[in-house]
Amino acid sequence: MKQRAVTDGLLMGFFWLAGLFILVVLLAIIAYLIWRGGPFVDSAFIMGSPAGLPLGSEGGIFPAIKGTLWLVLLALVLSILPGLLTAAYLSEYGRGGRLADIINLLVQSMAGVPSIVTGLFVYALAVVSLGWGISLLAGGLALAIMIFPVIVVSTREALLAVDENYRLAADSLGVSRFYTLYRIILPRAAAGIMAGVLLALGYAAGATAPIMVTAAAIIASSSGALLEPVMALPYHLYILFNEHISMNQAYATALVLVILLLLINILALSLHSLQERINSR
Amino acid sequence: MRRKTWLTVLLVSILSLCSLAGCAGDKQEGEKEAAPEKTTASIKIGGSSTMAPIIAKCADNFTEEFKTWDKVDAGFPEEPIVIFVSTGGSGFGLKSAVDGTFDFGMVTKDLNDEEKEQFANGTITQLGSDVLDIGVNSANPVAKVKPNLTTEELVAIFSGKTKTWKELDPALSDRPIVIAVRDLGGGASEVFDKAVMKGTPISPEALQIPSMGALAGKIMDNADTIGYVSSGLVNQNPDKIIPLSVDGIAPTLENISSGQYKIGRPLLLVSKDKPDDRTQKFLDYLQSDKGIEVVEEMGYIPVSR
Amino acid sequence: MISVNPGSELKEKVTSSIFIGAATISSLLLLAMLLFLLRESWPIWSQVGITGFLGGAVWRPVITPPQVGIMPMLVSTLWVAGGALLIAAPMGFGCAIFLAEFAPVPLAALLRPVLNMLTGIPSVVYGFLGAAVLVKFFEVKFDLGSGESLFAASLILAVMVLPFIVVNSETALRSIAPEYRYAGIALGVSRQYLVLGILLPLARKGMLGALALAFGRAMGETMAVLMLAGNTLKLPVSWFAKGEPLPALIALELGSATPGSTHYQALFAAGLVLVLMVIAINLGINLLLHRLQKGVNSV
């Protein structure tokens, strides 16, 4: 019996360690970025444009912030409907069937496609074939494809987490599956779905490789014109440290990017906890 | 009943996506529907990540100085100047220039005949040269002990035969030599191969670094590293990277202009079609004193010297 | 399904067709991409062949004749991703268990947003920090010539995939019917035993799925490995050696490869191989899960 207690104690210790490890890692990352980048983030940095020699070693990142916001918005618009429909199919209509398994497999495999390959595919398809050129639209499409599997997986999880009894009750009452989905399941899963979508958007906001070949420019005004190149925060960061333009600006850019994403995630979190409360009622 | 309907849906969608994928490949064979006449004032330039900062700075200066096209030349309409600069690599720059995605591709390697063919109706402009210095960390004693390396010694180092600094010269430490190179398919690598390695393969233990800036960074951060690095970056960080001489020839301005220092690559702008009036103006600007000034400030060698 | 309204059966068919159609078309995107990759890389397969390409140990695509073998990169890819899972799985499962079973509510409430935020940190930032901090750390601490290694890359990848493992595993644990927990308590087993002996096996499916997703993510991750793995062409002989995983190979060389050249085609072939590897992993997991299907939470 003593041995059981010891094992139990060790396990408990391990579980606690695992939990706190996560906390430590995040705090370390943020603290380091604040320490190295904080001094260089001021209103001129956020609102200004790149300057200095070489370009980017001074000045600001406003066009990059705008560009990232546009790209993410576009990615959302392009991927949310297909994502929701596919997830709904997997959880409601086709559950357990062969087709659903195949689609599930395909979607999960899409998550493994390296983002640069997605970018290349969209380059050949949209930038060249369709003649869009290096543009916001092509970048948005590449990002949409990239986050599509993420949205499907998280939406499906959110839908499945809704108590099965609702579906059983609805079915026994003769209600159509669409009605069940639309009026009963979806509202109850809405917060979880939105949380998943927000996280997917965060993923899109940070992606570098796909936008490098479809949308990004070192210098652009990022005015929101669909067929023009844009600057973007992750790409700007990549250029800054890869070309060794300025480590300070790089840290500052990284800090701004991470803060932006943290805000998105905090929002996702509050939605998620709202969802939890709904589900446990 | 339901099977048939969605089987048809399946078939139709497979076919349509196949044709899309097929189309996507096809367009690369250069055939492109007539490019719309450039009605907007935007110029798109992309390609080599080495050249991009230079062009970006020039574009910024140009836009700052003139703001609208009519100030460049009274004959142009009063439209704001908009220039975009992207990276993606020399190969990407070449391809995109041919596709018409960019008005100019930035390429930092010599073009072979086949490639030159593709721009026969357009332009190939050289803005300068990027000289590759053999750089070491300033804390590395080799700069004082043995500041000159022969080509044979260089080949031995980069091919992996000479593994430690001590093997190079007994006065140096026993630390392993860390070799930093650019990606082996790229322009810089090609230049180095032609000028120094001449076919001898680079050591499989060499670190392939994605960009010149990162390569410079590696040399600056790691005292055991040796690598070929853009002179521009060496000039930007004089107290951190020290260039070595090759076969007795130091990478100084005189040696480079006289052609004695051989390791270098051209900075090229290519375009598929003849540039329109406005784009031509920007091209002229790049080749003018103001453009040359930027090239020099960033540490590269301008062409008209 | 009994329908009261005769017209609603048609409506039902239409709506479900829309869903099926959307799902099918969206997932066909993957097939379109595969076809695209195949098309771009075809000459490699017909001239060099599958075994030649996959088993070839020499990668020198720009000499004449070009030699394109990606075996060292394959090994690097598997090693780096496998290593990442090795590091992340125990931590990830431990954390998921912690959150689902043991964490006091306020702490759990703190940790969940933390996890979300970790997911939110983009790969380029991880790559940047890894290159700026981790590499230097290895160089200084272990007195290495250079700090890049597969291990360094695995470490960063582990941190990147950790949140995915935790979140999905926690969901799997939470969706187990409460009856099992009641039974466990009634029988007087310790909570630790309850988790390891009863709940984990029940949550197997979800947790394996989480691992599969994480493995796929780790194999395809580009920015972090590009800056940390070292990108050497030599076959890595240990976790602490340097290597060049496939995504790094592609990202590194694609920009400078002349379109249409053997080099270019070989890179697309490598991309195809990478995607197929991920699909193979997913297929494998799927088959495994079908064998475990008899679990009570089959969804």
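Each chain gets a letter, A, B and C, in the order it is written, and its residues are counted from 1.
The working rule: a residue touches a chain if its C-beta (ideal position, glycine included) is under 8 Å from a C-beta of that chain, and two chains touch if they have at least 3 such contacts.
Here the structure is a predicted model, which means the values were calculated and not measured.
Engineer: Spelling it out: a chain qualifies if it touches chain A and also touches chain B; which chains qualify?
Structural biologist: Common contact partners of chain A and chain B, which must touch each of the two, are C.
Engineer: So using the touch definition from the top, which pair is joined by more C-beta contacts, B-C or A-C?
Structural biologist: A-C
Engineer: Take the average of all CA coordinates in chain B, do the same for chain C, and state the distance between these two points in whole angstrom.
Structural biologist: A distance of 33 Å separates the two centres.
Engineer: Would you mind pulling out the distance in Å between where the CA atoms of chain A average out and where those of chain C do?
Structural biologist: Their C-alpha centroids are separated by 16 Å.
Engineer: Quick one: which residues in chain A touch 2 or more of the other chains?
Structural biologist: Correct list: 121, 124-125, 241.
Engineer: Any chance you could list the residues of chain C touching two or more other chains?
Structural biologist: 20, 24-25, 28-29, 31-33, 36, 131, 251, 254
Engineer: Quick check: what residues of chain B touch more than one other chain, meaning two or more?
Structural biologist: Within chain B, residues 20-21, 24-25, 28, 49, 87-88, 92, 210, 214 contact more than one other chain.
Engineer: What residues on chain B touch chain C, complex-wise?
Structural biologist: Spelled out, the residues of chain B in touch with chain C are 2, 5-6, 9-10, 13-14, 17-18, 20-22, 24-25, 28, 49, 87-92, 94-95, 115, 175-178, 183-187, 189-190, 199, 201, 204-210, 214, 218, 221-222, 224-225.
Engineer: For the complex, which residues does chain A have touching chain C?
Structural biologist: Per the stated touch rule, the residues are 4, 7-8, 11-12, 14-19, 21-23, 25-26, 29, 32-33, 81-83, 85-86, 88-96, 99, 101-103, 105-118, 120-121, 124-125, 145, 148, 152-153, 157, 160-161, 171, 174, 176-178, 199, 202-203, 205-209, 234, 237-238, 241, 247, 250, 254, 257-258, 261-262, 264-266, 268-269, 272-273.
Engineer: Note which residues of chain A are touching chain B in the complex, please.
Structural biologist: These residues of chain A touch chain B: 50-51, 53-56, 121, 124-125, 127-129, 131, 133-134, 212-213, 216-221, 228-229, 239, 241-245.
Engineer: What does chain C use to touch chain A in their complex?
Structural biologist: For chain C paired with chain A, touching residues are 1-4, 8, 11-12, 15-16, 18-20, 22-33, 36-37, 90-95, 97-99, 101-103, 107, 109-125, 128-129, 131-133, 159, 162-163, 166, 168, 171, 175, 190, 192-193, 196, 212-213, 216-217, 219-223, 246-247, 250-251, 254, 271, 274-275, 277-279, 281-283, 286, 298-299.
Engineer: So in the complex, which bits of chain B are touching chain A?
Structural biologist: Listed in rising order, the residues are 20-21, 23-28, 32-33, 42, 44, 46, 49, 52-54, 56-57, 59-60, 82-88, 92, 96, 99, 101-102, 210-214, 216-217, 220, 233, 236, 294, 297-298.
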